[in-house]
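Dumping the structure here so I can ask a few things about it.
Chain naming follows the written order as A, B, C, D and E, and within any one chain the residues start at number 1.
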Amino acid sequence: MALAGSEMELKLQAINNKKTAISRSWILLDRDGRDMVLDVDKYAIMRLVEIHARDLRIMDPLLSYPSTILGREKVIVLNLEHIKAIITAEEVLVRDPMDEDVVPVVEELRRRLPVKGEEESCAQDGGEENEFPFEFRALEVVLEATCSFLDARTRELETNVYPALDELTSKISSRNLDKVRKLKSAMTRLTNRVHKIREELENLLDDDDDMAELYLSRKLSISSSPSSSNSDGPNWHHSPNQGSKIHRSSRGSATTLHGEENDVEELEMLLEAYFIQIDGTLNKLTTVREYIDDTEDYINIQLDNHRNQLIQLELFLSSGTVCLSIYSLVAAIFGMNIPYTWREGHGYVFKWVVILTGMACGSFFLSIVSYARRKGLVGS
Amino acid sequence: MALAGSEMELKLQAINNKKTAISRSWILLDRDGRDMVLDVDKYAIMRLVEIHARDLRIMDPLLSYPSTILGREKVIVLNLEHIKAIITAEEVLVRDPMDEDVVPVVEELRRRLPVKGEEESCAQDGGEENEFPFEFRALEVVLEATCSFLDARTRELETNVYPALDELTSKISSRNLDKVRKLKSAMTRLTNRVHKIREELENLLDDDDDMAELYLSRKLSISSSPSSSNSDGPNWHHSPNQGSKIHRSSRGSATTLHGEENDVEELEMLLEAYFIQIDGTLNKLTTVREYIDDTEDYINIQLDNHRNQLIQLELFLSSGTVCLSIYSLVAAIFGMNIPYTWREGHGYVFKWVVILTGMACGSFFLSIVSYARRKGLVGS
Amino acid sequence: MALAGSEMELKLQAINNKKTAISRSWILLDRDGRDMVLDVDKYAIMRLVEIHARDLRIMDPLLSYPSTILGREKVIVLNLEHIKAIITAEEVLVRDPMDEDVVPVVEELRRRLPVKGEEESCAQDGGEENEFPFEFRALEVVLEATCSFLDARTRELETNVYPALDELTSKISSRNLDKVRKLKSAMTRLTNRVHKIREELENLLDDDDDMAELYLSRKLSISSSPSSSNSDGPNWHHSPNQGSKIHRSSRGSATTLHGEENDVEELEMLLEAYFIQIDGTLNKLTTVREYIDDTEDYINIQLDNHRNQLIQLELFLSSGTVCLSIYSLVAAIFGMNIPYTWREGHGYVFKWVVILTGMACGSFFLSIVSYARRKGLVGS
Amino acid sequence: MALAGSEMELKLQAINNKKTAISRSWILLDRDGRDMVLDVDKYAIMRLVEIHARDLRIMDPLLSYPSTILGREKVIVLNLEHIKAIITAEEVLVRDPMDEDVVPVVEELRRRLPVKGEEESCAQDGGEENEFPFEFRALEVVLEATCSFLDARTRELETNVYPALDELTSKISSRNLDKVRKLKSAMTRLTNRVHKIREELENLLDDDDDMAELYLSRKLSISSSPSSSNSDGPNWHHSPNQGSKIHRSSRGSATTLHGEENDVEELEMLLEAYFIQIDGTLNKLTTVREYIDDTEDYINIQLDNHRNQLIQLELFLSSGTVCLSIYSLVAAIFGMNIPYTWREGHGYVFKWVVILTGMACGSFFLSIVSYARRKGLVGS
Amino acid sequence: MALAGSEMELKLQAINNKKTAISRSWILLDRDGRDMVLDVDKYAIMRLVEIHARDLRIMDPLLSYPSTILGREKVIVLNLEHIKAIITAEEVLVRDPMDEDVVPVVEELRRRLPVKGEEESCAQDGGEENEFPFEFRALEVVLEATCSFLDARTRELETNVYPALDELTSKISSRNLDKVRKLKSAMTRLTNRVHKIREELENLLDDDDDMAELYLSRKLSISSSPSSSNSDGPNWHHSPNQGSKIHRSSRGSATTLHGEENDVEELEMLLEAYFIQIDGTLNKLTTVREYIDDTEDYINIQLDNHRNQLIQLELFLSSGTVCLSIYSLVAAIFGMNIPYTWREGHGYVFKWVVILTGMACGSFFLSIVSYARRKGLVGS
């Protein structure tokens, strides 16, 4: 158990190292369930999905950008933790499909993406997930994988942190301290990552236009039916937003005036569910963090208190030393070889010297202790 | 009193353990006062109330999601602390009705849900609570129970924290420290839970559309009267929002243009009252937290100051030891068995050696002490 | 001065105790200057002013809700610190009028509420306060009393805190520490209360609709002149907002389209003035808080530094002890009663032993000190 | 340099003292360059500029309100640090013109207020500052003076803080600690003041309506040309806002619909420039604050480390003392006067006792030291 | 490696010093690829680009204003870190082009600014960057340079911080502490700068009108085609916003009503990419900061724990000293030269005195140690 923290560290590093070593291959899955491994450079990808070089750079594992969900004109660019994917209305491109963390995601995509006949109209009536257009089914798989991945990491950390803290509380040693430090550091990084995804989902949920951006199929069908879009006004409401993630504030009141907007609901319900899940994960991490902080406060006070008790005991010993020194001094004085007048014939003196000095030193010791006690320096 | 903290801990854990052990049973209460225990799996529930699997998962006690109030198309999903309920326009489904914390809620629902004749039109004239539609009466019972539950937990904590802190202030011991740590940790968790509910209520109050979502009866009556909705425009203002909790920012200006919105008032007044109550609870917890923090600062300074006083006393003792050592040294020198020339016939020397050395050592002691005092190291 | 902190504590507690003991009596003041003491239960009050039980509960001193200003359909509910009042368009009801802190407020209300002839139309032309409708004059008196009360408490705290901190800085003792802790705790509570009122005023100022809610007279005159409200559309703009405090976000753009809104100005100017005043009070408290925190940091460093200096002095004494021990040891060796060969006839040895050992010990002491100095352990 | 902190303290206090002692005199400057000292009471001022008593109170130096910029119907009320001024469309009233900090502001106003011929129409074509209406030229002078004043105070503090901290780092003494504490406290107060002005400017910039409030000349010309205002609708858009600072949220969409709004630009550009300047000042203060905090952390760790090293050295000395005590004990045993059997004829024993005991004690010392080293207690 | 922190410090200072010494020269680059060094004063610049003196002051390196992006009527004013530039629709003016950090930016501008034939209409079809109007190509070069510069600084810091902290953890010395302090201080400053730029980009992205301000070419073409602007209404929607950066809140709903707004997309996508990049940089810095803080907590606990262990060892030694003192005292008593009655003929006494006293002292030592162990003062 003692090595768990550093093992985790190493594991995380290993993941990073591996990723950078893997060749820049991609896997392409389409709506009919076919998949194909592409081992091409970024220019081929850019041609394939009409994505800008700037946006492709966001998915570069070497640059380690924070998690992002970007809605572009014809694609959704996902950079969620280890999963880097490009979703179009008909295909999903996943980067580094051989990465051990990505393999299950690809499996899941393979299982859930193919539609069984009812894909022509996003029917609102029956099935549970097939009601979604292709891009949202892909998005859901990726979000689910990301949330589960982070939740698993969080649980792993939790099971390491609590015993490590208990161990540290019972015995403060360099080794335990170092283990807690490593776990804390791993937790800080994990919290940042979870927080980033939560923020990204919150921003999306906050802005109906951003969500509308992600309806790739609908945008495609609108642009492919020029008759409907040329005839009347509502069409240009949409065009401003094509191809961009409108940030935090474009609280458009204009686009809420036409009826198509009600489709944002589906996506909203989808994102909300994962928002609550990732929020719960963040909650757990926050609780762990506060537990660590409380424990550190506790250890600090504990250490201070321990020290004071040690010093109190030392005080007793010092008091004893002083009294014994006084006694010794008296003995040493009488041990001097300087002759004095009453040296002989006073055999009874020895007894009195020993007894009286002993009593004097004892009472001096007691007076020091009672002084310290009266001042509240040593416990009653 | 000393065990209160850990007892509470255990109790909270016990609650959690119990919950996970209880079978996934539900109780169904309808507007006519009938109730029925359902011991069914989640698919039966999903069929019964038209709720999505994702939303049902939020109420899973094993996953421990944070508190949530979700307005869906035909149901309100409540996950408030220990109370997990689904409210439709005509029924309330409460999970785990045998849980000892949930039993009084079910009792209260049984008492207050049945309407006494005036339920056909939500009359704004007279009665205190019967003016509300069914879903709000259910919601109020659940909110009241949740707020009271959290307030009771807070009071319980308060009565434990203050004596524990006073005890710790008067005597810093490992046992007291550990007790305060446990209480602090329990308080952090409780604060998180209270904060979460406060936030959820605030988000609802912030957004008129989210509140409109919760008017299940009204939505039902609108959708069941197609004549009114097909005739004119205002109808489609509503449709976009059906079935989803529109998050923090959909500050819709469109929906404020028609007259139905005034009904949000009732719900607003209801939620506001519980918002103020939960805000008061949070206030109390914050005050307790700040009291704990101040006490810890105090203890830290106190411990540091105590240590300095201990060390000051030790300094006196060390000074004494040094002076006594000097005296002893002189005595030891004269105690050597090496013969010296003036050994005999100088009986008066002894007296002078004892007196002069004593005076020298005493003045050395005083000079050390006065040096320390002049430097401000020991108090005047 | 030393008892000021705890005296204040006691006083605050006394206020609380007293409040709970006082009977639930009310005083009613109307616009013609008449007043009447009502010793009735809450149901009578509810009947008298058409207020909901939930809202009346907010003013219950036993439940200690935070400060609130609530605009309801026909009343303004005020729970500002010790002043709990219900304002209607024609009367003011103040709770616990015999409370020593409430008496001056009632006096002030009695003095300023009666209007002198020009009350029929809220004239915007001349007088300073009579231009306001009845409810705002009452509101102003209560706000002024609350702000002055809190400002007085703040000044009182300030005059206690600064000398207490200076005393603590010059002498760290348990008594001074405890006094500062008590003052800090009192300050935290006061800051929370001031902050709560500031927040409440800010929320009101942020939302024009909430402010419009408080125009009881105007709402009354609109509802009593059905001819004007039935004739045209603008009327139903208002109805949605009657009877509820619309929270932080209903930044209604719709209601700004008609001309009545300009009356919000008066209230805005009124609230702004008290907002600035309470903001100044909060500023003072923040400054005091930061001064306390800085002083605590200072004391911590000071204590640490003091300790190091004490230990440095002890180090000198320890060094001395070691050197004296060496000297004593040499003397003790020569004091042994074991006979050795060169015992006789070497009278000159004594001199050399004393001198050489003394020089060796002295140089050892100097080398320890210079080592410590070279390492930077003791000051130059 | 050592006294700089406290000198500054005294100076700041002196400023405050002086202000309260100065008589409540005003200076009035008009657009033709004439000025006149008014030594009148507040009622005269209220009559002169049509300002409410509540607003005049904000400028009372005795009440020390935070910095404020208030737009009223016909005046701008400025309470910026030491400068308290009332600006109307034709005159500027400055309080306490004899105050040494205010004198240069009055000089600058005298120099820049008089317009040179092109004042009849706020021409947008050429000159740099004359393009502004009268009230903005006055506002700019006051803002510039305030920003420069605070920036100068910040620079002064910076030049004091860095050497004081360096001195403290090299030598921790009570005097240096106290100096840093005083500087820190002065900095906290200064930061609060800068922050308040920054906030006030930000709030103004955030709200176009608040800025429109400050166009006194334009409001005057609109109200004096009733023909234009009575003829059409746009006029009542403005009336709601006359006479009040609409707070943070009245994000009026209505007023953006007509063309006059483009004049807000001028003021916006003016305020923006000073916002950036005061933001830079706040940045500097934040950097200084963080430097102080980092230095305190450093000093704390340094002191702790120093103490540990002192205790390590003491440990060596204690070890030495123990070993010497053992040696002394052996010597003392042989120094007892109790006769033992082998007392005579064993001259060689002395040598062995001295050598063997010495070696035993030496090895005991080394074993203690090596134990401590093995445990990592003393450095290698 | 040890000097890296202070070297970096010096380097940063050197940059600042150099900048202030360089003459105020400018380089002008136009869209045809020509460049020209201008060594003129600020009045010439003001005449050249129609910029206000206030805005030019923002770029004064002596005043060290924070990073700013300002959209004015005909220019964009950039003050991003070391790069101070003025962009018009046809030219770019860069300050201090000889500065070693600015040279590569100028090179890049020279390379990318000249357009190759398709500049007459901002074609949205093909090329990657030529699709942008002139001012955005210039802006992108500057943003890219700034982001890369800050990212490089961050990496440099990271490579210095981690080894420095590891070194500090393994050995706490004044030198290491000082190095970490310097790095921390450098990091704080860098974080502030990165944060400032991130904030500036976020504010721009939050406000569509601010972004519209930056479309210099479009504004130019609109104002140069009066026929289109006079004919219909939409034109005056734009005029209010010309020439000013409308701050955080002018969430204009009006301007979203016409079709030109879709061009903001291009800029939005551009700024978004750099926002994500600078956000990633800030993330890294935050992680480093948290790592430093965690390490400091660790060091503090470590130091405290170390001290306690030292004191525990000292306690053992003190216990030993006390016991030895007792033994010595007994020996000293018997070493006194006072004659006692049983002096002769008791040779066996010596043995017993030595053995019994030794056993008594040993058991006393053990009882002290076991007492401390029982109290939990020394580890088991």
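We adopt the following convention: contacts are C-beta pairs under 8 Å (C-beta built on N, C-alpha and C of every residue); 3 or more make two chains touch, one makes a residue touch a chain.
Because the structure is predicted, anything quoted here is derived from the model rather than measured.
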item: Contact clusters after notional removal of chain D; value: one piece
item: Degree value of the rotation bringing chain C onto chain E, based on Cα positions, nearest 5; value: 145
item: Classification of the chain A:chain B interface as same or different, half of numbers criterion; value: different
item: Inter-chain centre distance, chain A versus chain C - centres from mean C-alpha coordinates, in Å; value: 35
item: Distance between the centres, which are taken as Cα means, of chain D and chain C, whole angstrom; value: 22
item: Where chain C touches two or more other chains, by residue; value: 174, 251, 253, 300, 304, 307, 311, 314, 318, 321, 325, 328, 332, 335-337
item: Chain B-facing residues of chain A, complex; value: 128, 202, 205-208, 251, 253, 256-257, 259, 261-262, 264-265, 268-270, 272-273, 276-277, 279-280, 283, 286-287, 290-291, 294-295, 297-298, 300-302, 304-305, 307-308, 311-312, 314-315, 318-319, 321-322, 325-326, 328-329, 332-333, 335-341, 368, 372, 375, 377, 379
item: Residues on chain C engaged by chain B in the complex (per definition of touch); value: 52-55, 57-58, 63-66, 68, 70, 72, 171-174, 177-178, 180-181, 184-185, 188-189, 192, 196, 236, 239-254, 296, 299-300, 303-304, 306-307, 309-311, 313-314, 317-318, 320-321, 324-325, 327-328, 331-332, 334-337, 343-344, 346-347, 349-351, 353-354
